[in-house]
Structure formats: C-alpha cells, structure tokens
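Next up, some structures in structure tokens.
Next come two complexes built around subunit A: one with subunit B, the other with subunit C.
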Partner chain A sequence: MIALREKFKIPKKLKAIAALLLIIGILTILSGFFTKGLSTDNAVSAQFWGVLMYNTIFWTLICNASMFFVCFTTLAMGGWQASFRRVPEAISCMVPIFGVLTFLILFYVVAIDHNYHIYGWLNTDVVQHDEVLKGKQGFLNVKFYLIWTVLTLALWSLLGWRMRVLSSEADKGPLLGEKGKKYIWKNTVTASLFVVWFALTVGSTVPWFWMMSIDPHWYSSMYSWYTFASSFVSGLSLIALWVVYLKNNNYLELTNQEHLHDLGKFIFAFSIFWTYLWFAQFMLIWYANIPDEVVYFKHRMQGAYRGIFFLNLIINFVFPILLLMSNDSKRKYNWIAFMATFIILGHWMDFYQMVMGSLSKQEVSLSWFDFGVLAFFVGVMIYGVAFALTKKPLIAKYNPFLKESVIHHS
Partner chain B sequence: MKKKKFVVLPFQEEAKLFDAVKMAKEDGYKIHDVYTPFPVHGLDKALGLKESSLHKAGFYYGLTGLSVAFFYIGWIFNFDWPHNYGGKPHFSFPAWIPIMFELTVLFSAVGMTYTFCWLCKIAPGVKKHHFHPRATDDLLVLVIECTAHTNAEEVESKFKKNGAIDTSIQYAEIGWWWGTYNDDTIPFTKDNSSIVVA
Partner chain C sequence: MQVKYESQLREPLIYGKKTYHDLTEDIIRPIEAKPTRLWYIGFFVAVALLCFGIFSVYRDVTYGIGQWNLNKSVGWGWDITNFVWWVGIGHAGTLISAILLLFRQGWRTGVNRAAEAMTIFAVMCAGQFPVWHMGRVWMGFFVLPYINTRGPVWPNFNSPLLWDVFAISTYLTVSLLFWYSGLIPDMATVRDRAKTKFRKFFYGITSFGWTGSAKHWQRHEALSLVLAGLSTPLVLSVHTIVSFDFATSVVPGWHSTIFPPYFVAGAIFSGFAMVQTLMLVVRKVFALEDYITIGHIEAMNKVIILTGSIVGVAYCTELFIAYYSQNKYEQYYFGFSSGNLFSPYGWVFYSLMFCNVIAPQIFWFRKMRRNIYVTFFLSIIINCGMWFERFWIIVPALFRDYLPSSWSVYYAPTIWEIGFYLGTFGLFFTCFFLFAKYFPIIALFEVKHILKTTGESYKDQVTNIEEEAVEKFAQENLHHH
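On to the complex of A and B.
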C-alpha cells in the first residue's frame, strides 16, 4: 500500500487568506453595526440584521448539508465516499459554531430588537386585527420560534458529533467480522436519526420560521424543499472544493477522478433539482395569479430585483446544466473547483434575494457590505474546517468500506 | 456479409476475464467483443474502447425536442390559433416549459433508444449471431476474431489453460438480419453442441 500522509497541516497561505477575510469581515460587521445595526428605526436596522441573518443561515445550512451527505451515503451503504469522508465530517464541525451564531442573531432579532420590519408577526397589535396572522399564531410565536430553533441547532450538532465520534473508531483498529457489522449498525442508527431530524427541520419547519415568515401572509409549500435544495447543492460544492484543495496539496491519496466524478454528478443533479423546485414554486403562483400569492414574485420578477432574479436562474441552472453535463467536465479538478465556487456564490445570492428581497423591496441593497459579511463567514469556515481536518487522520484506515472506495468506478 | 472465423472463450469469473483480455491484447490478438450478462466495471478501459457517442446524440435529440416544442407551441398560440385564456398573453412562456421539458425527455429517450439499437444492431424481429447462449446468463464471453496470422486451435488451448470453459471455434456473420430466435439453443435444456463448430 502507498504511504499515506495522515494528518493535514494548515499551509501558511491558507491561514493568511482566512485571516485577511476575517479582518475584512469583522471590520465590515463592526461598521455596519454602528451605522445601521443600532438604529431604533426597524427598517434601517433590518438592513444590518437581515444581511447577518441570511449569511448565517446559509452557512449553517450548507455545513449541515455535509453531515446530511455523510448520513445518507451511510444509510444507502454507499462505500464510495469512504476515501474522503473526513472532509464532509470536518465541514460539519462548523454546525455548532455557525449554529450558535445563528441562534444569537435570531434571538437578538426576535427577543431583544423586536424587529417588526423583519418579522411582522412579532407585532401583537397587528396580529390581533389580522385574521390570517391570528390563525398562524399557534405556530408563529416567539416561544415556539426560539424553542424550535434551539432544538434544531442542538440536535444537528449533537447527532453530527455522534457521527464523528463513531467515525473515529475506524482509526483505532481493524473492524472485521462482527465488529465491522456492529460499527455499520451503529452508524446506520445515528445516521437515520439525523436524517429524520433533518427532514423535520430543513425539509419543513425551519425555513418557514427563519425565512418564509418574513412575509407572514405569504406561503409556499415548496419553500422548505427549495431551501434544502439550494443549501444541499452548495454544501456538495463546498465538499468538492475542499476535496480538490486537499488533492492539489497532495493529500487524500485514495481519492481520484472517479470520486470527483460522482460528486460532480451530485452537483449537476441537484442543480437541476433546485431548478425543478424553483419552477414548481414559481409556475403555479404565476399561473393562478392570485394577489395574495403573487406578492412574493411581483417585485422580484418585475420590480427592482429583476436582474438578480434572472441572474439567479442563469448561474444556478443554465451554467451547471451546460457546463457540467459532459463526462469530462466532471473529472477535471480545476473545472469542478471553478463551478463549485460559482454555484456557492449563486446560491448565496439566492439566499440574499430570499431574505433581503422581502426586507428591501424598493431597491436592491446588494453592496460591499454583503460581500464583507460573506468574507467573515468564509474566513471562519476556512479556519474552522482546516482546524478540524488537522484533528484526525484524513483517511479512516479501518473503515469497512475503504476497499470499495479505493476500487470505485463511477 | 462474408462469414468470419472466431474463437469463443467463455469465462466464469471476472478476474479471469480481465487476465484473458490483458493477455489477448499483449499477444496482439484481435478482440471482436466481450459479451457479458451484466455490466463489468472497468472492462471498457481494459479493452481500450473509446467513449461512446450515444450521450452526445442524446443531447442533440433533447435539443431537437426542446426546439420542436417551443416553436410548435409558439406557432399555434401566437399565429395559427391565438386564444384568450383568462387574459394571459399569447406568449406565455412559463406555461410552455412543462411541455418543452416533456418533449425534451421524449425525444432524447426515444432517439437514444433507437440509436442504441442501431449501434448494437439489435431490434424487434431482427436476429444476429449469438456466440454463446450462456452469455446472457452466467458466462463472460471473450470473442477473438481470427486474422490471417491467427492459429485458432493454439488460441483455444492457450486460453483453456487460463480458465476458459466450453470454448469453441465458430464461423459467423456479425451483421443483423430479419428473423427470430425460436430455434436457438436454450441454455441447460438442450445440448450446447448444436452450436456450429467448424
């Protein structure tokens, strides 16, 4: 067997880039906090907290998508991911960190700032005289919102942590026969718990709470799946980016083009899946043309957000379908890295228009501030994931599926 | 079509088949094809086959379907028979997308199926030579085409030593023609010796 470079050492260049991004990010957030965040006018402070909200939600969800990737491949007995499984595991280490950030920001918005501009349903005076919001009160209230948010983030973190602990067993000694069966069984149980909780949260309730309730009258049954698809395809892109990065630095010796090809297929397929949901949500509302429902799309498609609206579709659908369709494109490291970056940015913009499109309807607020906050989150992500990668061997030597992964043909 | 001479070498295990393919390539034999009952991973690479153009054809069939749907609906609703459906504009592009999507799928699926049949020379009511009936059941059949320099008997005995079972030397046409398989040998029920041996 070839000699494996067991542990990842963070290159100085990566550290420098992450530090630079962090400094830019912190300065941007501080300047935004003092100019907008502290404003007593809800509409102004919403411009600051809204940006923080969609960034933190986006990064929590895409890091959690990594753990979802680990769990569903485990449940499907997919052995091919064994050679690079430590990468999504390391990315999922960010869930508790981004989760705490998300909770703090949402807690501030809901319980301290009482930002009526972001969440109209917080305003009890309005709710009392509004039949629709009155009916939704059982779900849309501060207590349930906070409890459910805490539960969501805590269980994601806990089950993710459990999966990572189980994975460490594959470093210690051979898992043969009964031992191997037990290892797989334990993994299967935790993974299925995670997937069920994932479905109850990202698959349904959490996007309703965090983002859809910004337009409390409007609803779409596609919204959660849409959010899931958006975050999942960017999560897969993030995994691919780290895999390519580690490959370029001569780590992950057992991962090759075959694994990259399958990751590429996933990115391609879920880009189309996202488009399918995008269209399913849009088309019915457009066709029925009922004022209550059209409010969501009116200013997005025909107002200030027209450019972003169609750019979103071009970046996240037209580009992936044309540029990732061929066999060769999914097997080239640099091409996958380029497309993955592109798709992450595209879906970040998608989250931007989902949140800010409702908070600033008259004009597109996208500016240096959004990119500064993005820099902060990317910086934290790079530091955190790189640090998590140094903690464990990059390849779980005794994973029962490792051989299947080594001989994998896509 | 002229009949050609083939050495038929069935194997029971994938590993032995790969060794045989490697050996045949090293010794410079002309491999006609390998018939397997299931897809064998990595065999295309071992045989040095070039990538199939089927998926490229599929892309263009899909593109054809997409444009046929778009232009046909566009022509009907805007020029041939413009209707007022609930005040919607005649050019209601989002409403056409499902149909455009379906026709893309239909054209590429049907087109690729026929192209696949054409490339593999198979179709309903059409017959082609079967080298070994168990190639559709449990044997992996390597077929070597004899050239002027090939000593068929030597090849047969050589590969027999390397795990080939139930080998034979056959004269066959490799094209396709009208006919059915009714009279063919059914594995395990009839004597396999009914296969024409030179």
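On to the complex of A and C.
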C-alpha cells in the first residue's frame, strides 16, 4: 500500500516568503497611496489606481480560471486531472478574496473618485457633448457597471464554492454505481451553470466594462475572448506551479510526469491560442486601417510601448512555442515551473499594457511600484492558496475517476 | 503490462459480448456483401444530382456567370455562401481525428473514419465554388504563384482570397493523408479476407503492402501523431482565413475582429451537425448500433451545444458592439435604424438565430441529447441555420450599399445557381455512397484498440478494481515512476 500524505502543512519557508512579499507589497501600496493615490489630479491618482486595477483584475481572473478548469474538465468527464484536482480547487478559493479587492478598487474609482482619467465616460460634461459617448450611456453608466460587477464576482464565488462543497463528498466514502452517477450529475449541473456564467462574464461583458471602456471610443469584438485567453493560460500556469511545488515537497503521490505533461500541453496549446487571438485582433485592425480602431495600436506599436508590444509576443508566444514544443520539456518539473512563472509574468505584462497602455499613452510607467503591487498580490495568493490546501485532503480518495488518473498516460 | 481499466461510470463504447473477430466481421461485412436496394436508389439519386450540377456548370462555362443573378452590389451570392458552408462542414472530420486524438477521446474511434471521409468530400465540394466562379476557369492556374512568362504578373499576396487557395489546398492534402494513412491497416484486413479477384487486387494495392509488423505499427502511430499535430492548427487556420475574406475588408458587418474564432466555432458546429446527419443513417443502414452508440451521439451533441453557444455569444457580441461602437454603418447593418433586420432579408437573420442559437439549447437536456429523432431533426435544422448564417453575412451586407440607387435589386438565385449547389450535394453523396460501399466505414483497428478497456463485456470485469482502495491500486500499478 502506498501511504498518501493527505494533510498539507505549510512549510516555514513558504510562510516566510509570503510574509516578505506581503510586507514589500503593503509598504509599496501605502507609499503609492500617499504620494499618488490621494491626489486630486485624476491623471496622477490614475497612476496609482490603474496599477491596482490591472493587478486585481488579473489575479481575480487567473484564479477564477482554475475554477473554469475544474468545471470544464468535469463537463468533459475528464479523468486525468483527478489526482491533483484539489490544487485548482484551492486556487479558486482566492476568487472571493480577490473579488472583494477588485470590487473595492473599482468602486472607489467609479463611485468615489469618479476618476475621469481612467474612465472617460464618467465625465458627464464631456459625455454631454460627445454623441458617441452619449449613445453608450445605456451600457456605460455607474449603476450598471457596479451592479454587473457585484453580480459577476458574487456568482463566480458562489458557484465555485458550490463546486468545492460537492468535491468534499469524494472524501467521505466510495462513490460506486448509482451513487457515483449521482455525484457526477450534481457536479455536472453546477459546472454547467458556472461555465454559462463564465461565458456571459469573462467571455463577453466583464472585459468590456472593466478594461475596454478605459478607451471609451475604441472597440473590438475580439477583446473579451482575448482577455479570456490571456487569463486562462496564466491560470493553467498557476495550477502547474502549485502542482510542481507540492510534488517537490513530496505531496501528491499519485501525480507524476504524465499529468504534468498534459498540463504542459494545455499551457503550450493555449499560448498558441492566445497568439492566434492576438494576431486575429491586431491583423484585422492593422489591415483595415480604420482610424477609429487603429488608435488603440498606434502608440502601442509605434510609440512608447513599442518595446512592450514586442516583448509581449516574445514572452507569450516565441518562448512557449520553442521551449514547450518537445516532449521532454513538458515532463521536467523545474522546467515547467520556470516556464509557468515566465508565462504568468508575460501575461501580467499583457494586462499592464492593456490598462496602463491606455492610461499613460506618452510614456511607459512600469516601475518598482508595479512590481511592489505585484508582490502584494503574489503574497496574498501564496498565503491564501496554501491555507486553502490545508483545509482538505490533497487527494479526494473516492473521486470516481481517480484510478483512471493513477494509470494515466499522457 | 498496463492494466486495462476505465471507470464503470463511463458508458461502454462498444456494446455486446464482442471479440476481436466479431469486430472484424461486423465492420467488414458490408464491404463484402452486395449493396442493398436502398444503396442503389440513394446512389442513383446522388448521381442524378451530380449530373444536374455538371450541366449547370457546363452552362456557366459556356454562357458565363452572367446566368447567375449576381449584380452590381451583390457580387457574392449563393456561390460564396455555399463555398463557406461546405468548408465549414469539412471541419468536423479533422477536429475529430486530430484534436480528439490529442485529447485521447475514446469515442472518436466510432465516428472518425466516416467524419474524415466527409471532410474530404465537403472540401472537394467547397472548392468547386470559387473555381467556377472565376468564369474563365481555364485561367484558374493564375492563382498559383510560379515563375511565369506573363511578365510581372503575380497573384496578389495581400489578398485573403489567395491565402484561401493555400489554406484550403493544404487542409485538403493533410486531411487526405490523415484519412488514408488511417485506412491502410484496415484495407489490409479486407485484403487478407478477400475472396474475389477484384478485391484481392484492389485492396492489395490500396493497403500498400501492410503486414502488421511491429515496425509498421510503430511508424503508423508516430505518423498519426505528427499528422494530428499538423492538422490541429489547420483546423483553426482554414476557417480563420475564410473569415479573413470578409473581416479584412471595411464593409460594415464584415469587418469584425471576432470573426476568426467565431467562424471556426461555427464551422465545427455545422461539421458536427453533418456528422450526426450521416452517422444516424449509417448506423441504421449498416447495423452498427453497437459501435456508434447513443453515447457517441450524446458526446457529439455536447460538442454541438458547446460550439452552438460559442457562436451564440459571438452573434450577441457582434450585435452589442454594433450598438456600443455607435458606428452608424455597423448599426445600419444590424438594423438599429431602418436597416437590414427589417429589410427583405430580415427573415434570414431570424431563421439563423432560431436554428443556431435557440434550437440547439434543447441539448441541455440529457433525454434530448440521447434521442435519435430529436438529434436527427436538430442536425438538419443546424445545417440549414449555418447556411442562413453565411447567406446573412454575405448578401445583406452587400445588397444595400452606400449608393441607394442600387438598392432596388433583390438578389435571388437562378435555377443554375441552385443547380450548381444541388450538384455539389450530388458529388458529396456519390463519393459518400462509394466510400460506404468500398471502405471500412469505422476505423476497425482503432475500435479494436479500445475494445478491452471500453467494451461492455470487458467493463463488467473490472468491478474488483473499482472496489479496491486507491492506495492498493496505485501500489500495484505505479511502478514506472
């Protein structure tokens, strides 16, 4: 009999790292808050709130991507991920926490600060004299923005919580025959609800609200799917990072290179998918060259953001396609961990240029401040996920597909 | 030896107490038997349609495409609609064989062979439209870039229409290779059983001297994976480039950044609908219900609801962005003022919304997904809906352009445009009937491969594994890590 280490104990080193990151993060945020955040000049305070915005949106979306992973593998009746399913479940516990942060920050920007510099459509004086913005008021208004944001975050958290509750059943006793079918059925129902809501939020409305409306005149029908691809591939990388971490600490005995290989394939495939959407959006706008649309790429490709524009492609496309192509590369724990970190950083930068690229068009504001804020979010994530991992056995012993996962061959 | 195990909660993919020999018998028998009367009738109808198509095309070449109803503002009509429709249908086969192979989906084995064949025939049909649309078709080779004596006359590399030439011919080539390399072991099986001279000769040649040695299998597996890897991006690229035909333009209703992934999802959607239409008939006619089970049909219906919903989100996104952009031309196309939703073509939009978005939602219900009649009916509805979608994208975007004086012309096809379309049905079904008669319609060796894990009688034997503690099971089966 293999003995399974079910209980995760947070190593001291991990706690120390998280604490360090948190301290750096909090100090950075405080200093930013007092130097920029409180400024009555919208353009200055936008430099503070904008950074918080893209970080909190990014981390909420990528943690929510974990629940999306759980749900779509449930719907597809995937067996292979059963051995490490508790990892994405734990990551998804961060959705309510980051969700509250997201809401607070957006609420402040929209309802308290009325930051015109971030959301031009908040400025009623401008809107009154702008036919286009006037026409958008049915969608771009504070009430709808906030209600939809609350609804989105609440339902993600609620349905995710429900999925995790259902998953606990697989700790209690064998799920064979009719019992197993019932278990799968219940999971399927909740997972479908989650996926539908996911499509109606990440797949369409939410990126329009939170990020696309920063350039209130500009539009692209691809925008939301692009945001989804960017956050999803980072979410997969985050799962892989935690799996490797647990493996390196001698947990997850039933997970091996075969599972990591398939996670690696997903990361590889969705890196290419992201590139595909990136290319489709960029090329069509570039080719048609309609002034309304090219404004978005003008300063990104030819102005101050030129470096980031190409770096984005190099990190998120060239590196994954070259470095994750071979079989071996996807089966090495440390290599996957390295690539996953790299890809998360790459897409974090993608979110940076999506938000800050619209807020400060003349110069790239990326500085120690951005990395300090990133440290805060990483610190919170490490603490939160590690804590969530301690709450449940690391392997759901009676998951009906667990044995398939044990003998899985990638 | 790896344990043959799959959770009993999964439905078997092969019903009945089957041995390897039974599989061979069941799948090869239709090839060796005389075709039924139904086959002859079907084949005759298909050939008749094909003849009508050939005659229509003959007239196109003789009199020019002026005999179509294309006019000043509607330069693309049924021809390009049909082209996109057929290309779309040609997506399911390679998706099933390539992407589902990479995803290790066992159920693909029951339907992949026929779906791949369908893909190839559909792409052949699609190719007809741009070719004969050229009018002076004997100049067709001008689309190929080669060093020529025409001076500096090259195809326009900036044009997505030329990218189409490359994308579709590559797709056809790779799909053909994939399909054929998969056929080789099965052709050898037919050859080894052959009693007549013709069969010995035909299957002898087509099986390329396959002996079934370990080396052959090893190469075959490697080739399948390489081809799957190559085809996966191709599944996306083909319809992406077809969507570029529209999206690179500045025509309202055509220029939309979401077009590429949305076209791909729509293509898979329509492809699966066509696979359903065909497989529901095939399993009945050839008595293959044990191999193309309700489980297979349900799995495909799940793909249909998924891709149908993606397409639905894309439609709504387009409508929303037309509103959100406050671009009056976009809004005109989507009819926020007195535009196209209320135009003479408005009904096309409502039909496509019904067929592609609303109707498939019925598949949220398990009972409906597993009902053969509902599935068949829905598959036809979706095939129609996806045709409406392409017609909607192409014709209403063109027919009321920026010059109101050309608005009066309502485009409807002539009998020769319809004849051409029916002709491609003839081509498609002629090929399919011949395929069903002379080729193993199910990938025999692949079904054999999954028999001992997912066959009904074998699944009954793993109850003891099912009840075993996972620690013990892992101890027994996890040596190699």
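One rule holds for everything that comes next: the second predicted complex is superposed on the first by the 409 of 410 C-alpha atoms of A that agree within 3 Å, B and C clash if a C-alpha of one lies under 4 Å from a C-alpha of the other, contacts with A are read in each partner's own complex, and residues count from 1 in each chain.
To be clear about the criterion, a contact is a pair of C-beta atoms (placed from the backbone, for glycine too) under 8 Å apart; a residue touches a chain by one contact, two chains touch by 3 or more.
Keep in mind it's a predicted model, so treat the numbers as computed, not measured.
Partners subunit B and subunit C clash in the overlay (superposition on subunit A). In the superposition on chain A, contact of A:180 is made with subunit C only, not with subunit B.
In the superposition on chain A, A:26 makes contact with neither subunit B nor subunit C. Touching more residues of subunit A than its counterpart among subunit B and subunit C is C. Look at A:287: by the touch rule set out above, it reaches both subunit B and subunit C.
Of the two partner chains placed around the shared chain by superposition, subunit B and subunit C are both touched by A:409. Of the two partner chains placed by superposition, only subunit B is touched by A:327; subunit C is not. Applying the stated contact rule after C-alpha superposition, one finds that A:158 touches neither subunit B nor subunit C. Looking at the shared chain after the overlay, A:166 reaches neither subunit B nor subunit C.
Stretch 441-449 is the one of subunit C that runs into subunit B, the other listed stretches 153-161, 423-431 or 441-449 having no clashing C-alpha atoms. Residue overlap on subunit A between the subunit B contacts of one complex and the subunit C contacts of the other covers 283, 287, 409. Note for the complex: subunit A touches subunit B at residues 279, 282-283, 286-287, 325, 327, 409.
Partner subunit C is touched in their complex by these residues of subunit A: 1-4, 75, 77, 79, 131-132, 135-136, 138-139, 174, 176-177, 180-181, 184, 192, 196, 199-200, 203-204, 208, 219-225, 253-254, 256-258, 265, 272, 276-277, 280-281, 283-285, 287-288, 290, 292, 395, 397-398, 400-404, 406-407, 409. Residues 2-3, 5-10, 102, 233, 236, 240, 244, 247-250, 255-261, 302, 309-310, 313-314, 316-318, 320-321, 323-327, 364, 465-475, 477-478, 481 of subunit C are the ones that touch subunit A when the two sit in their complex. Those residues of subunit B whose C-beta lies close enough to touch subunit A in the complex are 41-42, 51, 55, 59, 94-95, 97-98.
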